[in-house]
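Please go over the structures that come below.
Shared between the two complexes below is subunit A, which has subunit B as its partner in the first and subunit C in the second.
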Partner chain A sequence: MSKNTKVPSTRELMAQLAKESEGLSITDRRDFLRKGILAAGGVAGTVFASKAAASSNLPPMEPTWGKMLGHGVVEYPYGQPSKYESHVVRRTVPWLTAESISSISMSPLHDLKGIITPNGLVFERYHAGVPQIDPEEHRLMIHGLVERPIIFTMEDLMRFPSVSEIKFIECPANGGMEWKGAQMEALQFTHGMLSCCEWTGVPLRVLLDEVGIKPEGKWILAEGADGAHMSRSIPLEKALDDTLVVYAQNGEMLRPEQGYPLRLLNPGWEGNTSIKWLRRLEVGDKPWYHREETSKYTDLMPDGRARKFSFVQETNSVITNPCPENPIKNSGLIEIEGLAWSGRGRIKQVDISFDGGVSWVPANLKGLVLSKSLTRFSLVTKWNGQPWLLQSRAIDETGYVQPTLKQLREARGGNSIYHKNSIHTWKVANNGEVTNVQIS
Partner chain B sequence: MSKNTKVPSTRELMAQLAKESEGLSITDRRDFLRKGILAAGGVAGTVFASKAAASSNLPPMEPTWGKMLGHGVVEYPYGQPSKYESHVVRRTVPWLTAESISSISMSPLHDLKGIITPNGLVFERYHAGVPQIDPEEHRLMIHGLVERPIIFTMEDLMRFPSVSEIKFIECPANGGMEWKGAQMEALQFTHGMLSCCEWTGVPLRVLLDEVGIKPEGKWILAEGADGAHMSRSIPLEKALDDTLVVYAQNGEMLRPEQGYPLRLLNPGWEGNTSIKWLRRLEVGDKPWYHREETSKYTDLMPDGRARKFSFVQETNSVITNPCPENPIKNSGLIEIEGLAWSGRGRIKQVDISFDGGVSWVPANLKGLVLSKSLTRFSLVTKWNGQPWLLQSRAIDETGYVQPTLKQLREARGGNSIYHKNSIHTWKVANNGEVTNVQIS
Partner chain C sequence: MFRSLKKVVLASIIGAAITTPLTAVAAEKFGFGKTATAEEIAGWDIDIRPDGLGLPPGEGSVSEGEALYEQLCATCHGLFGEGEGRWPVLAGGKGTLTEERPTKTVGSYWPYASTLFDYIRRAMPFTAPRSLTDEQVYHITAYVLYLNEIVDDEFVLTHENLAQIEMPNKDGFFVDPRPDAQNTRCMKDCADPKTMKIEGTLKGITPVGHFIEGADAPAASHEGQEELEREKEKARKASLGMEGDDTHSSDTKPAVLSAKAQAGKETFDNACKACHGTGIAGSPKLGDHEAWAPRIKQDLSVLIDHAVKGFSGSSGIMPPKGGRVDLSDEQVAEAVVYMVELVK
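And now, the complex of A and B:
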């Protein structure tokens, strides 16, 4: 569907849905299975009738795993997923980059639950491959406009009092392939440059207090130890606010592709400012205008000028169920689920539209609602084969409302790659299949 | 040190420490490095002097990883830890059990950060090894005193609205080897039957509403699909309160050793009630008195009678830094860190003693403080070679205070194995080495 095709969904569709879901209460939700699966009756082979179960104290067969011994505790001292989950992996888009050592792989958001991304599935982005750094040899130097330049070992850094915070990281190119109308066929590729972990490290302001910033110090250059020596200029205000120097994620030391043994974390800011394999912080009086903040990671505006240092990942959201990878298989009740996030703080509200943005219904925020973290939202409703143009719209605690694609294009033109946070649309066909469409 | 040896620590020691740490302010903490590491000067080769750093814009050498390409995004679609972290693994105590297929492995608490346990390091306990269950063939039957017995497929269960909650799981035998005075040499073995994840699943009460409990239904038998068919009786009150039927942990599907594809989770209760590889829930009018709730997982009291169905993991805590695996390497400032948890709700307070419980100082609770979750506590203080008898004492929101070993023995006698939640003591020697001691 091209972006200008007239969408078949209507106010009538919404009115019908509203009528159907009128009075949908907790009681209905408790009847989820009966009304949803059994009443629908269309789930061939997946539901046993109640009578069959009643006739026996055991499931219909004793599977092989109930009659044999499994492996013992010494065999996997570091555990791995089930072999039946081998399809749950990070994936890349081969045409995105010339080389896989300077590319990106994306998290399988359609298979993830809750708000924590397990370490094996956190999205990757790097420019010279993943280095294998020996933590004994790794150093972090802080120098430049400081009173007492210093070089830290990992042991030094890990002696400081630590903090642990659940924060998302998102590549500013997330969704960027769609800026000009390309339509990725799956959630993993439209939004998968996004992950969320519990990060542990030292507030950068503590380390900066150690070295003593000179009065003229206003910016910090962060540089990586990998072959790319990726670097970004960070304003001192951020560094003194909530930037962390991080060595652990989800309880264990950083994974190599996440910067082992040390990375920066700028909560809520574009992912590539959170320099991985961090080896150097230089304090200066102005930004450095290095490659990754000039030729890349800038926003080309309609007038041909490039907007630079657009650090914040603005409020965004996406529906993860249903989605292209998770089509609707049964009529009846369905939990619409998704993720919302804001680089400015907490998510305050998420609304859902079934008619491409004509009308909106508030969703529930599920579980923890933390600042600059993923927040999961949910709405239980009914689907009986009607077409949907399904959208989510997040609002954060500052009042920022996620824009439509039209609004975003009006403000930013058609030349951008980064910071595409517009409302996303899934088209649900009457057979339950879900496709990615763009509507103006 | 036997449990009756007179401990050398004294009130004087405490008085001295109080004097030393008097006026310890945020300013002191900001001087953590200078006062702690540089001033101490005893960390051979690990700290570069400031002048050395000032003399160059780069670290003293360019390591090999800065001059070569690493691996690309396609090589580890499911990520793994760094090769330099291969020592961070679950470990078992070989003499604990005759066979590794009916044994336990423990989480490396001394290496963990924050409150999330990464999935590869979650402790394991099972009785017939880890089965490899095909989720397509797995079923959950709910039957017994119900109106509409039913058999669910995984797809059925995953259609229900889900919840995600961060909860600890602890084996009731955690610390049990020490009940009679055996002293394990490391934190991993004294407390490592403990982990904490974000779990996702369906509240059991929702499924019970589907089947309709008959008025005489008061207990539920939960049974696993593994070769042991491990089973436990759960009171209906718990099942209707916060029990979950769980299929995911930390964002991804359960690991095989955690019950893939389905387990029960009884938040705050002894781990073995959270039946793994869950295949059957039977509603009855009384408990079943199966093997694992009679011959095992009961508490043998001083009068020779066995206390059964002691489900709750009472308030507990342990210091994770320093500990035997993390000795103190530097004099000066140190962050005392640890974990506290309660099966009854939130942790309200943790106190730390340096003198074996004679006097106490309140610690800070760090990060998220969630109900029936691990909570991390912290206290920044100074160590200058004085001996410590280091203890932590947790208090939960119900006012329950973690007991001393003496109090626990007075109440429970010396025959127990399970539910040892007494205050734990680390002896810190003047060379910084940490050993496990028991004091009455």
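And now, the complex of A and C:
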């Protein structure tokens, strides 16, 4: 990481200080050896595990990092998570797609706190790889049934008054691998096509006001600048309601894999409609029926007919602690935690069941409860090795109650692929191990 | 009269300023951006609609489409649209939409022919999107329609007749009627535990990397085969000097390349990586010694010849220049040398 950003005098000072601290740790080491010999003679069979006893960094020893210097500022001009968190990464299921250039990765929901997904962990989905776009050369064109077709530079777009909103993005295929049966032995793979960020940009209606929509204009085609030229038809009502043209994410400019320098954001709708690397918006009087809204993102029903324009991501929830990646390690008090979300608005209530849906108790909603955002829920209870069939059930402000898997399959069969928002079940064994099961 | 008019005007201005101070600004256009010219719009306006709106003038035949399809599309979609590996199946699947495993193809599922033209022109071929002429798109569209028995082999597709083509599943779609699954907020005795059926996961298909090595977490679905694959991939990446999850454990140094191989790296990254980076259609992966060994036994000139002219055998399919006809023979040869040297 860029060592060359350091000025020589600082480096000299650092070298000197490092030498001094080296001296410190030598005395410390001697001290440790002496104390270690004493301890070996006396204490045996403590409650600490052997791993702990072997470390010189644990009490009563003072850890080495408290007796030496760490690195200075701008050692890492753009920071990184601790090296001890290197396992917290996006992951993919290789057999899902033909190869990685047109594939999807999932967010590690089991390791995240609060409701914001860090930018490096937001799930990725693209169809022709991630383009490297020069923002100076990027353009957004708005044309079609408009009074004045306009080409915007990034600079133009950033002159408009901006808004910042916390919204989730979910791939409609989230959980799709679980339609026909429990398949994935991990929360990251059953629910990880889901992320939530603070997005900054311009409301699309402001830009549409600027071009002036003709009365015949009813639909908008959004198109990406990547090799896939991803395109989706979006009804004008949504575009005038809460659609955003976004350039920043969690306080910084968008990441390339999230559409840098510009993307669309349709809050609460299929992630696929939030076109990344946005280059063109065309106003028309009818939808376009492109590949992503015919071949894909249509929901096949048991009678062989399919639903089209199933835009909304309906109320959903999942327990993130415990889960297969976070088994229960100790008896006693435990905080059952999870995430709930609705594409139609705010989460009003989340209930938890320990017996596979026979009886339910209300959970608490924690922190911010925002419209079309992830909402964290919690319930503190006791676990003493009893087996659980753990479920969460979310209700949104429209009164919609998250359905059971049985209800969903009765309504739609097993071939929909998309929009599987049913109640999920984790089986907790008496050793605390958590596995994915389905109850029918 | 003059006076009173002035008063009214003045009063309304003051009134507006007091009650809604921002509307005057909001109603005004920002005026940012430049007006797009017809020529600029034409350059970017690529979309096609079911009614034919947006179609460029032109036509294409099934027979010419066949040759282009075999050269540019068959590697991934199969010679008859049957699909290779996990690449999309384009033809067949008739009557399968009500089955347990439906095959959704252009013929069995897509409602409009315009979608096919639009998508081929927009995003295909996968390794070189937007590289086809409109004429070529007409040819290939005609051929894929023929593979689906929607048109006969004499058919000539034009901008005038495309919108008239009736797709078999044109009436198969209806607007989403959700919310559809009705649940109620029941709190007690909501299900009968006696009839409850609990089904676990299929074992061995979950990637294992999400569990921390050596942690106390129960390692579900660890399968010996997956572990082997992971080790193999790790070794491959290490030998390439690629940044990976855990390449630091290896001390293998990346190969030293000749000038020709170095020149070929750029071509590889831009044109060959899509297939040879991941092993599509039986292609030997970059740095996969096992896959390259039998091929290297042949003369280098044979490998280059196959890459330039195309190759089809039991081990896989390689379209001429990997579908990138814009590359020179020399560029392709350099890319081959690059791939070969990395496994030598």
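FYI, the second predicted complex is superposed on the first by the 380 of 440 C-alpha atoms of A that agree within 3 Å, B and C clash if a C-alpha of one lies under 4 Å from a C-alpha of the other, contacts with A are read in each partner's own complex, and residues count from 1 in each chain.
Heads up, the rule we're going with is that a residue touches a chain if its C-beta (ideal position, glycine included) is under 8 Å from a C-beta of that chain, and two chains touch if they have at least 3 such contacts.
A quick note: this is a predicted structure, and the numbers were derived from the prediction, not measured.
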{"item": "Subunit B versus subunit C as contact partner of A:303, first or second or both or neither", "value": "second"}
{"item": "Touching partner for A:128 - first (subunit B), second (subunit C), both, neither", "value": "both"}
{"item": "Partner chain(s) touched by A:79 [first = subunit B, second = subunit C, both, neither]", "value": "first"}
{"item": "Touched partner set for A:294, first subunit B, second subunit C, both or neither", "value": "second"}
{"item": "Which of subunit B and subunit C A:156 touches, first, second, both or neither", "value": "both"}
{"item": "Contacts of A:389 with subunit B and subunit C, given as first, second, both or neither", "value": "second"}
{"item": "Common interface positions of subunit A, toward subunit B and toward subunit C", "value": "89, 91-92, 99-101, 128, 141, 143, 148-153, 156, 159-160, 206, 209-210, 227, 229, 279-280, 282, 329"}
{"item": "Contacting residues of subunit C [partner subunit A, same complex]", "value": "29-30, 32-36, 40-41, 44-51, 53, 76, 85-88, 97-98, 100, 102, 104, 106, 109-112, 114-115, 118-119, 122-123, 126, 129-130, 172-193, 196-203, 205-207, 209-212, 216-218, 220-221, 245, 274, 277-278, 280"}
{"item": "Residue ranges of subunit A touching subunit C (in the complex, touch as defined)", "value": "87, 89, 91-102, 108, 110, 127-128, 141, 143, 148-153, 156-157, 159-160, 181-186, 188-189, 206, 209-210, 221, 223, 227-229, 231, 279-280, 282, 284, 286, 288-291, 294-295, 298-300, 302-312, 314, 324-327, 329, 349, 351, 355-361, 389, 393, 395, 400-404, 407-408, 410-412, 414-415, 419, 422, 425, 427, 431, 433-440"}
